[in-house]
Every structure is written in C-alpha cells, then in structure tokens.
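Each of the next two complexes has subunit A plus one more chain, namely subunit B in the first and subunit C in the second.
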Partner chain A sequence: MFDSGILLQIIFWGLYAGCIYILLATGLNLIFGVMKIVNFAHGEFLMIGAYVTATIFLLTGINPYVIILLSMLVVMGIGAIVERLCFRPILGTSKLNEIFLSIGLIYIFQNGAAMLWGDKWQSVKSPYQGISLPLGSLSIPLDYIIIMGVTAAILCGLYFFLKRTKTGREMRATSQNRKGAMLVGINVERLDILSFGIGCGLAAAAGTLWVVSGQVFNPYMGSIPAVKAFAIIILGGLGSIPGAIIGGLLYGIAENGAVYFLGGVWKDAISFIILIIVLVIRPTGLFGESGE
Partner chain B sequence: MMVRTNRKNMILYGTYAAIGIAFGVPFLSSNLYLLNLLSLMLIFIIFASAWNLLAYSGQGSLGHAAFFGIGAYASTLIATKTGFSPYITIFLGAAFAACIGVLIGLTCVRLKEWFFAMVTFGFAIIVQTITVSILSPVTGGWDGIASPRLLNPGIPAYQMIEYYSVLLITIAVIVFIWYVMKSRIGLAFSAIRENELEARASGVDPVRYRLLAFAMSAFLAGIAGALQIHHIGYITPEIFGVDLSFWPVTYVIFGGLGTLAGPVVGTLVLTFIWEGLKMAGLTFSRYILVGILLILVIIFLPKGLVDLPDKVQRWKKDHQKTEQVVTSSLK
Partner chain C sequence: MKYAILFIIILLTATFFTGCTQQQTTVAPGVIKVGVIASLTGPASNVGTSMWQSASVAADEINAKGGVYVKSLNKNLTIQLVQGDDESTQQGGQTAATKLITNDKVDILVGGYSSAVTSAYEQTIAEFKVPYIVTGASSPIITHRTDIDTSYVFHHCPTTDSYGQYTTTFIDQVIRPSINKKFNFPADRPLRLALVYQDTAFGKGVQAAVNNTISTNNLKIQLVSQQSFKMGESDFRTSMTAIKAAKPDAVYLAAFPNEGAPLITQARRDIGLNTIFLSVENNDNAQFYKDVGQYGEGSIIESRFSPYVAPTGAVAIAQSAFKQDYYTKWNSYPDALGASTYEGVYIGAQAITTADSLSKADIRQALVGLRMPQLIEPMKNMTISFSPEFRESSFDLWMEQLSFNSTLGETRPSIVWPDNLKTTDFFLPDWYSPGSA
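Let's look at the complex of A and B:
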C-alpha cells in the first residue's frame, strides 16, 4: 500500500509544482517589499504569460524554453502599465482599495483573455514530451528536470540582480526603508514600476512553465495559483524571498501529499486549510517579522 | 443650514419615491422578464448590504459567497426534509449561515486586511469542497439538487407575490441595517474600523464586535442566498464561486463603501448597465467594462456614486472661487 517509491514520487512532483509557486511568490514578495502593496490579480499575469507563450509557440514552433524570456518581457511591459495607471494613484490610501482594485483587474484580464483566445481549456505539447529519465525506482519526465533548472536559473539571476547591481541595491534599500531611500536620492517611483514589472515577469515565467509541463490552462486559471502563492508568502513571511523558496517547496510537497491521501477534490482546499491553521496560531505568519 | 435641510429632504423624498416606484412597478408593466430581473436585483441589494455591514466594521471579505451558499443549501435541505414553507426555512437557513459565520469569524477576526481577504476567499473554496465531497450524498455533489419554490407556481400571479415578498424583506433588511448603523453597535463598528487601538482604549472590545458583525452579515447574506435559490428553484455548488463573492464587493464599491445607500445605488446602477450591455450583445466585454468602471470609481470617486452630488458641488464651489480670484485680480 505505502512504499518509499510513492513517497519519492510525491516529493518529486511536489518539487516541480513548488517551482511554479516559488516564481509567483517571489514576484509577489518583491512587489510587496518595495511598494508595500498586495496585488490579488497577480495570478492573471501568470495566465497572460501562459497564453503569450502558447501563442508564440503555436505560431513559430520555437522551443518554449526559449520563449520564456520573450513572454517575461511582454508581461513586464503590461505590468509596468498596470502599475502606472492603476496602483500608483491609490498608493498610500486605504489597504482595502488595493484589494478592490485587484478585483477590477481580474475582471479585465480574465475576460480580455477570453475575448482574445476563447474561454476553452487548452494545452500545448512540449517538444520533450514522453522522454523521461530513470532515477532509482521511478522515472522522471525530462520536462520536470528542465523546469527545476530554469527556476533555479531565474532565481539565481534575480539574486545576482538584487545583490550586485546598483538598481538591485536601490531596490533593497527601498524595501528596507522607503523614506530613507527617498532621502538619499533614490527615485522610488521608478523602482515601483521596475519591481512591479519584474514581479509580473516572474509570474509570466511561472505561466510559461505551467504551459510547458503540459498542464491545461484557460482564462480563469490564474486565481487559484495566485492564492496559493499568498499562502506561501504568509508561511514564509511577507517580503522574505528565501522564505518564499522554502515555503514554495514545502507547500508543493504538502499539496501533492494531500491529493494522494485525500483525493483530488481537496487539492485547492488543502492550501487554505494550511493557511488558516498557520494564521490561527500566528496571525502575522510563520516567520512574519514586524512587516505588516 | 438651509442647504443641509434641503439635502435631507431630498434624500427623504428620493427614498419615498424609490419605494413608491418599487411597489408600483408590477402595476405599470406586467413584463415577467422585468419582474424577474427586479426580484434578483433586490436579492443582490440584500447581499451587497450584508457585505457592506461587514466592511463597515473594517473587514473586507472576499468569500461572502460562502454564507450566500450556506444559507441557500441549509434552507433548501430543511425545506425538502421537513416540508416547511420556504418563507420559514429562509430564516432557519440564514441562522445556520450565521452560526458558521461565527465559527469562520473566530479564525479571522484578528487578521489584517490582506490576510483576512485571503482567508475568507479560502473559506468559500473549503465550503465548496466539503459540499461536493463529504456532504455530496445530501447536496447532490456537483449536479446540485432541486429546491422548493418560494410559492407554488400554480398560484395565479405568483411572480408578483414573490416580487412583493422579496421587496418587503429587502426593506426590512435595509431598515435593520440602518438601525444597527445608528445604534451604539454601529458606532463601535466604525470606531474599530477607524482606529482599533483607540477603540480598545475607550472600552470597545474589537474581537466581540467583529464577531457580531460577522454573525449579522452572514445572517443577511444567508437570507439573500436562500431567497435567490427558492426563486430560481435549483441549487448547485457553483453558488460558492468566485463570481458571487466578487459581485457584492463591486456593487458596494460602485455605490459607496460604508454607507446605507451605497449598496442600493450600486446594485441598481450596475444591474441596469449590465442588462443594457447584455441587450447590446456583449459577453466578455461586459466584464471588462465593469472592471474599468470599478477602477475608475476607486481612483476618482473613492466614496462611490452616492458622493457624486457632493463632489460636483465642491468642484463648482472651487470653480467659482477661482473665477472670483481671477476677476478680482483683473480689477
């Protein structure tokens, strides 16, 4: 009934699912760190990223792992526009306003995508579909390994950007103390646009990986992964990127375990049950520092 | 002072006129489509008002469909199992929703805005999952079950009686919310919303009052859900969907957050915009337009449509002032 092979498989599937959540959660954390806002429509950028990749792939047939960069750039642009037009005017007003504004964005993006691409479930075949590598007792699809590699590469790139470049340092300074950053002459509004754009770009990367791994997508698929990403950043602490990575991996494993033991219906509900248990015990999140 | 009394009178007359029109509509037009639309609109006014009451205590829920659906399912099941009239079971179902509301409230009244929104959003999904998995023998799973109609469709002009029943319940709910907002409870709610620390310092227990807001809001949402399902005659787990959680938020933001008239005005205006766009043959773009309108209202009219007359007046006054300054400086 229960053997180590299945356990290994659950962990491995969990790691793969975790990669997508990590990218989403890291983007959200970056935006929260700099702007102190939470965009509930973050999942919509994942959806747009998924559709952009799928469209380019179906039109040109380029390897989807290459399209990821293009898709990220497109969604970064959309994100920058959204920040400038929608979030900038309400920055500093009631926090509830951000939540309500996100609802408007969700309406616009979901139905805009439905108009452009139709509201049917779609899926795309990866060029490496069917190839798998043997690992001990189980065989692992090649796609999953590439996805983990791509995620690691993107996260390393982000780490390098934040630690080594001038803009990255400015960004960290702003998330530590916005007023202080303004005082030393950092243009925080430019960083707002940039961090929002990068956050959306990471969501697009997550969307691309979602498509490449052969999962189905439709215009309404974004909300659930986004809420799971929120659960992860609550577990890992708002604004903490290492927390998001550890939280994402743990979360992916927990979710796949729950599906195996309780049945597929519980896949989405389990995330909230974890979230609620954590919040009941610690209303500020598991590693939640002062933050908000 | 004069302006103030005028404004008050205008609001009073406007309310009388609205109630008069609401009672008169079935006599003016026997169009069943219109009657059905208005009944559903009234139900959504109750739902939006329920959400608004919770927001009045500073809690913006994104999962109010949970209470809407719980009220509907509970009322349906009680009515089918016991044979009571839906007129009674609506309130039993709503009471059940209020009990669940208190339980849910216990977990999230201490949370900040974002966490609160996420947890309430999550509860709607958890309730849906429970409905289609553990409770599926009773609830019929994803297929749903038939629900007794509010009135036997064999009764002559039953739709008109149904409309009047819904209208009376809506008025009762709005009067109830008006009373709550005026009372000490309402004062406590807005104190907690504005500054929790100061509220606590002046002897208001935030947790207790937030739970009270939760119970009242869940009760009213349950009434709305039960009314809608007995009006339609069928219930599926789709009732817990994200769409139904977002509608009351949209209506209230549109009309004016935290005001008595906000949900009514918002639901009224948006329903007619919505139906108008439907007649124009738009499907997905309806949502896009509503989304754009919502964002514009949040940015440019943060207090909603009910604030529009005041805003216009303020703008006019400013305009006159600048004109005076310009003319006097020219002299």
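Let's look at the complex of A and C:
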C-alpha cells in the first residue's frame, strides 16, 4: 500500500523544483511576450546569478536570501547590456539569427564564467542548514520553506508591477500588440531593455535559490534548466505568465513523481512526454491563445 | 637550358642533404612525448585537473633525475607532457585523442577518466596502435570489449568489478555484524542494502559487481532498492525519499564526487536518512570532503590513495613525498586518480627503457612483460604488472571511515579495513538508525 507521507514528500520536492522552473520560465516568457525573441542563453543568466550570490556570500557572509536582490540587480544590468548590444540589432530579422546569437552567447558566458570563477563544481552552505520545521507528518528543512516563500513574493511583486504600474501596463500592451503600442506612443525600445533585464533578473533569482538549496553549480549548469524552461512556456502557452507558473509546478511534480515511480533516468524525459501530450490535445498550450 | 640543369642539380643535392638531416633527427629524438588525456574542463574537471597535475609532478621528477635512459640511443631523453582535454564529453575525448596522436605525435598516452568518454575514443587508439595506460576510467569494458582491438590499452586503476567486490565483502564482514550486535539482531540477519548508481558503464559496472558478489558468495545481503540517476544530476531528494521508504541498513553510491557529496548531504539533511553511505574511490577527493561537510560523518569510502590518510608501511613514505611535492607545486592535494596517473607516467618511462626504443609496438611489448616495484599505491605482491588476458594491474584496496573534525569543519578519513592496513576500528555513529523489513 502506498504511503501518503511519501506522496506528500514527492509533491513537496516537486514544488521546490517547480519554484526554480517558475522563475526561469516566467522570465523567459516575459522576454518572449514583449520582444518575441528566442533566447536559448537564458539558463546562463541563472548560472551567473548563482555565481554572483555565491561570490558575495563567500566574501561578505551576508545572508544569501538578502543577496538575492543584489544578484538580481547585477544580472538585470548584464541582461540590459546584452539586449542593447546583441538582440536589438537583430530584432525583427530571421529567427535563425536569434537562435545562433543566443547559442553564441551560451559559449561566451560559459567560458567567461569558467575563466572568472573556474569550472570546478562548487557549493555553499545556507545559514539555515540543519534547521527543520514540522509540517504535518513531515519535517521540512527551513530553507525550502523560505525558497517557496521568496518565489511567491517575487511572483506577487511581478504581478503588482505588471497590473498596477504604468510601465507594467505598457509592457502588457506591447506584449499584446507591439505595433499598436508604438502607435499610441509607447517607447517599446525602453520596454524591450526593461523586460529583458527583468527576465534575466528572475533567472538570477532562480540561480540564487539553486545555490542556497545546497545544489552544486558550475559554469555549465544552465543549459538543461533553460531547455526545460522553454518546454514549460510552450506547455503553459507562449507569453502567458500564469501558464509558466502552472507549467513550472506541473513539471516539478511530474519530474519528481517520475524519479520515484520510474527511476531517475526518466526525470528529464517525462517533461517532454507531458509536453507532447498537451500539444497534441491543445496545440496552443494550456493557457495560450490561438494566433498568439 | 644550362641554368635549368644547374637548378635541378642544386635542388636534387639540397633534397638529398635535407633527407639525410631529417633521417638523423628521427633516429635521435631528444624528448619522449607523453599525451595526458584528462577532463580539464567540464563537470569532471576537478578530478581531471588532479590527473594532469600529478602527471606533471612525475615528469618533473623523472626529468630532474636526468630523464629516461634509452640504451640503443645511448642517451637520456626528457619527458614532455602534452595536454589533451576531453572536456568531460565523448566528442571532446575523441578530439583530444586524435589531436595528440596525429598532430602532436605522442609516443605514449596516459589518463582517461569517465569510462563512457574513454571507450568513445578507443577506436582511434586501436587504429593508430598507440600504447595507452588508462589511469582513471574504471569500467572493465575498457580492456574487455571485443568489438575493437584493445591490445594497446593497459588498465592501471581498479575496475568496478574489483571495488564493487571489495565493498560488498566489507559490508558483509564488518558492517552487518556491527549492526546485528549493536541492535541485538540475530547474527544471521541479512543486511538491507540500497544501491544508487550513475546510469553509465561505470555505475552499471558497480551494480553488476555488487549483484554478482552477493550471489556468487551467497552473502547475507538483501538488495532492497536499486535507483539509477543521470550523470551530472544534482537533485537527489526524491531518489533518497524512495531509498528511505525501502528502509535500508546502508546505502552504496556509485557516483562521481560532484554527485556523491550533494547526494549524501540531501539524504541526511533534507530527508533524514540517518544511515551509512558507502562511496567509490573517486570520491576520496579534497573537494568532496569540503562539500559533504558534517554530513559525511560515519560514511565509508573505498580507496587506494587518499589526500588525508595513508596505510602504514613503505607506501606511506612514498605517498607522503608525492603529496608534499604535489602541494609544493600546485598548493592543493592530489586524489586517487591523480596517484594512478602519476604512476602511469613512471610506468610509461619504465616501458620505454625496457623496450630500448620509441617504437610503439616495442613499448606495448614491454608493457605486456612489465614487472616493476610498487610506487605510491599498494599493489598485489607489491609489484606493478598487467594481467595476461585483459592487461589490468591489481591493487590492494582499503576502506576508510569519515569522522567530523569540528576545528576544520570537514570530515577526515581513517582506514578501517582490511586488518593488515587499518589504523582504527569501524564504528556505528550514535545517530545511526538501522533499516527494517
């Protein structure tokens, strides 16, 4: 007979993994929504966020959950520079240009990080390591509860920004109709750089949470999460933030369920099995609109 | 016309003398080129760097003593190492091997870490017939495979067969009686063992060795769970939840250090799996001790060379000298794969001296008949030699147990088995919980 406690644990670890995916996929979706570009190097911003957090933490000893803000700002700045120097010149040209540009960025960022920080795997220890809280029949390490709380706070902040601020509304308008937004006087180039920066900042937040959860990291860590983030936004619906959130949670839980019931080698495959099934039934994804 | 004939004569004369000069250069080379294939970049770079740096220490030592004497040339040749970075990938390994052989024209190769990567470029080794002393890849398929000619490949590191067998025997002879005694279980109670293995030739090799050892020797060990994971995985929480549900007495990991350290940490810290973890020798690495921290307490590592401990006897002095030289040059400590790569350079040098030639066929023949005293790692019969059928050298292995040092904030190992090498006894930590059916 299957133990309900184990089921709860699998769901919990799925939610934790989902938090990383949600932040990564939401950022990717924000960039795609506004700029309609495909950035395969998005996982590299997660990697840079991880290194920035780890470096500041090791140098200063500041609580890594506080460093998350600094890490996001640094990576937002890097993202803004990348948008201005790399993506803006090719905006509106062939998708192939975007794809090869972002593949080139992957190598540049990976090799740059290897030069700067070395390419050996690293890990840091959270100040809350070893502290657990009882949650029903489970004893949950405090770090994971904080990670879920931080993710929820960031998403709430993003929701507030997009719904309640003028810039956020302009961003949504540009996402819905770029030409229309330009016609009514919205400076879409300013929104491009802003959305790209915020998207990269969200990836940096995912990188920080990766680090504080005690997972090892190295310059090559970003590629697979980025591929999964793409699968999540396709699953959830291109440009849909709620789709990215639901897709991220679904993937996290499905992956961990697959590890338990089918074995660890099915972890990555199950994500794409779900993607294929959803696309066959609903080609626009769970929350996508036709023609988007 | 006269000028044309004169030009041809000059050209022919020049060609003749140039040919003579080139021939003389070939006959009297000044260096022995040793290609070192290691994972210098990519996820396995921590171990690969140790391999390259250890080879460098060996080359420095040999050259400082005058180099390698080749009688037929009546001169000493210096060793020149050539780096081959496999980038921790099969494609990178293929590129590195091809470059070293065809471009750098190395005389001999040493190194190779991941079995999957190493086996990917063995076809190139077979094609060009370059002697290759493999010092890191542990799957027996490296020299057992029959789809290609492996006669130029020599295996100088323990295979998954041997360390799987050692570890399983240790579990049966030491851990099982300790648990049964401490918890007043019947003496014949089988030990409940869980196995977590990387889904590669290396991990599957360990899995096969454990299963074979249990069935062949009819050991009282019950395998209660066997979980595989993808190479490079960093999140083991659900795998460990599954392992915990199987209620094991001990967990055996066939994982690389970048997998083993987070696996143990997550199992103990996040899942509360308070059991004994057993790891393979590539985890006996300074970075592993740093990463696993306090959660390594009580863990077991099968080893043959450790950065922090040595068995008593002759090899202890040799190991200490090597570690000191390595530390002086690189400001860090070598690991087991570094130690075998260090020896690999010495083995290659000895083979060239015996062969009295740089002919690859002669060097291979010398390796086949090699018998040299053990260097820094304890060998069977205290001698380095390769078995006739599969060209594998035989090591004396040991098991270490880790104890937490609060001053260092890391664990440190002590040898607990076998009896002739151990420095202390195996213990069950206070927090240990046995499994149950």
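Here, the second predicted complex is superposed on the first by the 278 of 292 C-alpha atoms of A that agree within 3 Å, B and C clash if a C-alpha of one lies under 4 Å from a C-alpha of the other, contacts with A are read in each partner's own complex, and residues count from 1 in each chain.
As a working rule, a contact is a pair of C-beta atoms (placed from the backbone, for glycine too) under 8 Å apart; a residue touches a chain by one contact, two chains touch by 3 or more.
Source: prediction; values computed, not measured.
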{"item": "Simultaneous placement of subunit C and subunit B on subunit A, clash or fit", "value": "clash"}
{"item": "Partner contacting more residues of subunit A (subunit B vs subunit C)", "value": "B"}
{"item": "Touched partner set for A:Thr55, first subunit B, second subunit C, both or neither", "value": "neither"}
{"item": "Partner chain in contact with A:Gln129 - subunit B first, subunit C second, else both or neither", "value": "second"}
{"item": "First, second, both or neither for A:Ile273, with subunit B first and subunit C second", "value": "first"}
{"item": "Which superposed partner A:Gly263 touches (first subunit B, second subunit C, both, neither)", "value": "both"}
{"item": "Subunit B versus subunit C as contact partner of A:Val38, first or second or both or neither", "value": "first"}
{"item": "Which of subunit B and subunit C A:Val216 touches, first, second, both or neither", "value": "second"}
{"item": "First, second, both or neither for A:Ala114, with subunit B first and subunit C second", "value": "both"}
{"item": "Contacts of A:Ile10 with subunit B and subunit C, given as first, second, both or neither", "value": "second"}
{"item": "Which of subunit B and subunit C A:Leu105 touches, first, second, both or neither", "value": "first"}
{"item": "Shared subunit A contacts, counted only where both subunit B and subunit C touch the same residue", "value": "114, 119, 263, 265, 268"}
{"item": "Subunit A residues within the subunit B interface of the complex", "value": "38, 40, 86, 89-90, 93, 95-97, 99-101, 103-108, 110-112, 114-115, 119, 223, 227, 230-231, 234, 263, 265-266, 268-269, 271-273, 275-276, 279-280, 283, 285, 292"}
{"item": "Complex contacts: residues of subunit B adjacent to subunit A", "value": "55, 60, 62, 107-108, 110-115, 117-119, 121-123, 125-126, 128-130, 132-133, 242, 246, 249-250, 253, 257, 284-288, 290-292, 294-295, 298-299, 302"}
{"item": "Subunit A to subunit C touching residues, read off their complex", "value": "3, 6, 9-10, 13-14, 16-17, 114, 119-121, 123, 125, 129-130, 139, 141, 144, 214-218, 220-221, 256, 259-260, 263-265, 267-268"}
{"item": "Subunit A partner contacts - residues on subunit C that touch it in the complex", "value": "41-43, 45-46, 49, 199, 227-230, 233-235, 237-239, 241-242, 245, 258, 261-262, 265-266, 269-272, 287, 291, 293"}
